[in-house]
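First comes the structure, then the notes that go with it.
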Amino acid sequence: MGTDEIRKIGVSTGGGDCPGLNAVIRAVTLTAHNHYGWEVLGIKDSFNGLIWPDQTMPLTPEVVRDILPEGGTILGTTNRGNPFAWEREKNGKAEIVDMSDRVMENFDHLDLDALVVVGGDGTMKIAKGFFDKGMPTVGVPKTIDNDLEATDLTFGFNSAVRTATEALDKLRTTAQSHHRVMIVEMMGREAGWITLHAGFAGEAHIILIPEIPFTLDAVCNKLLQRWESKHKYSLVVVAEGAVPAGGETNVIDRSPDGTVRLGGVAHRLAEVVKERTKLDVRVMVMGHIQRGGSPTEFDRILGTRYGEAVTHMIARGEFGKMVALRGTAILSVDLSEAVGRNKLVYPDGTLVKAARSMGIFFGDE
Amino acid sequence: MGTDEIRKIGVSTGGGDCPGLNAVIRAVTLTAHNHYGWEVLGIKDSFNGLIWPDQTMPLTPEVVRDILPEGGTILGTTNRGNPFAWEREKNGKAEIVDMSDRVMENFDHLDLDALVVVGGDGTMKIAKGFFDKGMPTVGVPKTIDNDLEATDLTFGFNSAVRTATEALDKLRTTAQSHHRVMIVEMMGREAGWITLHAGFAGEAHIILIPEIPFTLDAVCNKLLQRWESKHKYSLVVVAEGAVPAGGETNVIDRSPDGTVRLGGVAHRLAEVVKERTKLDVRVMVMGHIQRGGSPTEFDRILGTRYGEAVTHMIARGEFGKMVALRGTAILSVDLSEAVGRNKLVYPDGTLVKAARSMGIFFGDE
Amino acid sequence: MGTDEIRKIGVSTGGGDCPGLNAVIRAVTLTAHNHYGWEVLGIKDSFNGLIWPDQTMPLTPEVVRDILPEGGTILGTTNRGNPFAWEREKNGKAEIVDMSDRVMENFDHLDLDALVVVGGDGTMKIAKGFFDKGMPTVGVPKTIDNDLEATDLTFGFNSAVRTATEALDKLRTTAQSHHRVMIVEMMGREAGWITLHAGFAGEAHIILIPEIPFTLDAVCNKLLQRWESKHKYSLVVVAEGAVPAGGETNVIDRSPDGTVRLGGVAHRLAEVVKERTKLDVRVMVMGHIQRGGSPTEFDRILGTRYGEAVTHMIARGEFGKMVALRGTAILSVDLSEAVGRNKLVYPDGTLVKAARSMGIFFGDE
Amino acid sequence: MGTDEIRKIGVSTGGGDCPGLNAVIRAVTLTAHNHYGWEVLGIKDSFNGLIWPDQTMPLTPEVVRDILPEGGTILGTTNRGNPFAWEREKNGKAEIVDMSDRVMENFDHLDLDALVVVGGDGTMKIAKGFFDKGMPTVGVPKTIDNDLEATDLTFGFNSAVRTATEALDKLRTTAQSHHRVMIVEMMGREAGWITLHAGFAGEAHIILIPEIPFTLDAVCNKLLQRWESKHKYSLVVVAEGAVPAGGETNVIDRSPDGTVRLGGVAHRLAEVVKERTKLDVRVMVMGHIQRGGSPTEFDRILGTRYGEAVTHMIARGEFGKMVALRGTAILSVDLSEAVGRNKLVYPDGTLVKAARSMGIFFGDE
């Protein structure tokens, strides 16, 4: 198909939501309309919208007028459901079926000439699958964790760090007034970027991230040491995926009586710290609030630039590719390059070193 | 003692911290210094500072210069420890002793002529006890829950509502994008004021407070009804002290297998809702973040007015009394009047009615 | 007309916009629909919408869904144009005509049974005029300045104070770093409420409001005194209507060479202060930013309560009246009572006194 | 001098203040203390502190504890006074003298072994001058405008953009409600970065920057075109240094009667637009508020990284150099490289192009 024959493109958003998704949707819509005169169709709830009927909405400049400062995605999203391995119940039994042909059919039936897929690792893998089946697909990377090797920065991350830092600014005074240990759990299963940035900017005393294994003894000693100094309170930030070194994993996952501890890492860590230090400990799990709210000006611009660039990629026929930021330039890279390659915090990098110079402790001594 | 003999007064803050405490401390200090030429001594960590040595700090205009916009209390606080019934360990055994004489002695030893006690219900009871023992004591009411019958408004409440409303503004978009039920737990053991105001202003769909018993069936039906309409998501706010009506308390406190459910009401409610509706449910516990952060302009002014008025009360010799806001006037009321009389949300009041007119559901049908 | 015959009501917003107008519009719409089953018609741009054709929009629950947190008014507004004395150009000549009959006709033509008029003093006077002509009219008071005698509080004021206080928090550090005098002009032609509250909460050193005449000498002396102390910077807030005492008005309005000084009071004051003190002075005019932004939770609730209450007033047939807040209750008062009676800051009131106790200077010595 | 002989270093901040200066001061202090065991002396008000006596303050970890989230600089700053060409009055006559020797003497007298100079172009030129005279000097670049060729990003810029964008978010609703043209003046004498970013993220309709000459006709036509569409309001952002093309400069600088127009570009532009379009126009000059407030998490981290890196540069003896960010790495570049090389917005760059794709108008057609 020549790109001059493009008349109508689709957009969908998949995976966990983050601030900036609407910036992408708006930019695709405006660039397609104003620049190329294409129609744009919004596909709802990621690929689900290509499986079920009536799950689309026309995207016009009017529809996207006020969405730039809005969090979330007007198209809806989901982190469940892979058309290539669709879980469903039939006759009371769970089964897995391949729905990808139905998606291809619906794509044709909707007269779409290209599809913009916005999503994370999982969603990009599916997009690659459809590209391999012949669908003209382009991708926009999305991970609030900023842990994608293929691009310097992802939108949503800056907003999440802002929200998390503001929370630390608030928790500090109450921790200080009550001479407490406050343990704050932040997003990051594999990569500690949000926790590191927010902990750094929000002046946490201890930062625990997946990339730097910590020991409970070191953490408890540091907390007792602060208690005995004139600074009787501590702020600890911990990424949801942070784990204590070696055998200590048992300690944090099981109570003394052997039962499994419930809750996330912050709650489990709090229990152990209380047992060992007798300090007054409180927990805050940031959770979904990190995904919410109006995108920062930075994420509004980054999301817009991605959305504009990916639309030009369609016009140039660069399918099977994804936009990526390198320095200040926006390039296109192969979808396959994007998949499964995580960018982790480098424990000896300058950011961690600068944090250490400021006296921040990573629990690793 | 004639009040013209006053030379030095003390200030302490007790109970849970809230935004506006520093406004009171600053106002007492500036009014005492600028208006009366008195010295002011800060007593640390509530009455603990009158039990242990070296737990005081001089308060000068210089010391309080920049504290108005700061959350927490520069004097520290605690919600543990009653000098009249002091818990301690002696020879490995817990015992309860009366330390009130020691407090009286230290008060004299520090050459104090009066004491400003800022605190909640419990702290005011102790202040009353010392007044009865002869200490010239005046009080400033503090409850972030705004549940004190004796005064129209308490500082900290406005700030807490703001923080909680901002959180709802953030959680809305992520709930909406994922078609989820988001259950948000807010402060309020006995009174649902914070939850009601934040839920109202933040457009929650369901508000659950201690004053209005709800049924789980009603809540689940409402959630399913929203799911079946075109609005596939719901925001539920629940005060930590909200309880389902009658026998349902068992359901929420115990899992089907009979074990006790852990966590606060939001987590327990979420489990039941998931079981019954199969909807996608997430929980956010606001917790200490509600106490934190810079006080709103409203709380800065209210705290300042309280601190100024209570200092003038000392000059007029009105001991055993507490400041209170009635309409726009600040009066003094007996400490005893303040104690143990909670102001609850009136289920048939205009605020609840207005919320119902907006379509907000209280789980009570 | 019996109120049981009401089928359709109109709503309009007039005068300067302020945060909370959409809360009123939404509350009227939801209460009318959900509670009474009435249709609601939005009239655009105040009474202009009843003069010109096609200036209305149906208001349904769907239309008002997301407007509570939005600033401004979805109906548009204007502070120009009085139907009883309409200025227009005819054949190149300006003339004033009475358009009130046309408004009455259009009101009937649109099948309206009642009209909710949201607005300030001027708008209420017009509403009263139409009520006297037989239109079933009810009012909701609106003044961002909070200067209406008839009601304790108006929505928008709390939001304006927040915005102005946040600006002071920002300007403080830059003034301090450069040892400058920063003069900040805030809204308030006749009443200094916004300036007083924001100056108080934002720790201005000097507050100048219309109700307390000041002298330029006193202001300049205070600024020099601060310069010579260790606090080399000053924050001055001035209401747009503040005026120096007596003959000094000439000084501030005319340059030494006799020409009229341009700009608002802050710019003129700055010039005089620079001439007399040689200090480094900067000006910030807050202007329209004070009207903007999302309403505070307080204003969202107050606007909603007003909108709900005024709809019930229609149902009760209480026309020619306006809602008013007294303490925590919402009452109805005669429209005529609302008109032309300003609530001013009382120079000897407790708020000004508390501000003085904090060391704030009003320029009046 | 061997760097192992370093015992005491100085820090000063010069030029206009911006958020993040305290992050640098804190990072230098903590790195010097914790890492190297050096003393740190704060020099007040840029180089003035090395001219006058008693203008220094010891910087210890205790002193810098709470300054990271504070705007401004605890050391004070100034954008007046060059020691190499010092303006002073003697016997009623202005004269210019070279005070640089006195600065060198005081530097020695204070036992300083190195000086960290934080500042903009002008300050760096002075630092270079002292380095050439033999002072071991290192620099940290500071420009809120982000217009320094030598480094990818400067701290303060992100905070300024955030403040400016938030203002646009607020002004939008009031402009919309009144169908007005709102002209907002932002910082940027030579470079339009702040205006471009804030206008992009805050959805201005027209962006006017120094790098893209505009014509008044094009601006007025666009405004009238928007007025005639259904979008009756417009947001215009204009950098303080933006100028209309060619002969139009006269029009904007002089009134029809030939007198010089007063005020900044926004006020002058507003007058012309009013004359030509008869639209309702309002002006907001952002001014100093853009410099104020707590630094964003981004600027906190960047300022900290600069401060840490520059301290290590001293340890390595890299004098006469300045830190610079290139990609994610922090390098050192010659002070001379930093001076006088402005980084301007590239009119054909991807950012401007993306803005145009979103429908933003630059006044240049």
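Residue numbering begins at 1 within each chain, and the chains themselves are lettered A, B, C and D in the order written.
Going forward, contacts are C-beta pairs under 8 Å (C-beta built on N, C-alpha and C of every residue); 3 or more make two chains touch, one makes a residue touch a chain.
These numbers come from a predicted model, not from an experiment.
> Tell me which chains count as touching both chain B and chain C.
Joint contacts: the list comes back empty.
> Taking the mean of the C-alpha atoms as each chain's centre, how many Å separate chain B from chain D?
For chain B versus chain D, the centre distance works out to 43 Å.
> Starting from the mean Cα coordinates of chain A and chain B, work out the distance between those two points in Å.
About 35 Å, centre to centre.
> With centres defined as the mean C-alpha position, give me the chain A-chain D separation in Å.
Going by mean C-alpha positions, chain A sits 33 Å from chain D.
> Touching at least two other chains at once: which residues of chain B meet that condition?
Within chain B, residues 169 contact more than one other chain.
> Dump the list of chain pairs that touch, please.
Those chain pairs satisfying the definition are A-B, A-D, B-C, C-D.
> Tell me, which parts of chain A touch chain D in their complex?
Result: residues 26-27, 30-31, 34-35, 61, 68-69, 152, 158, 161-162, 165, 169, 197-198, 200-203, 296-298, 300-301, 304-305, 308-309, 327-330, 350-351, 353-354, 357-359 of chain A touch chain D.
> Going by the contact rule at the top, pick out the chain C residues touching chain D in the complex.
Going by the criterion above, the answer is residues 13, 16-17, 21, 45, 70-73, 76-79, 163, 167, 169-179, 182, 262-263, 282-285, 287-289, 291-293.
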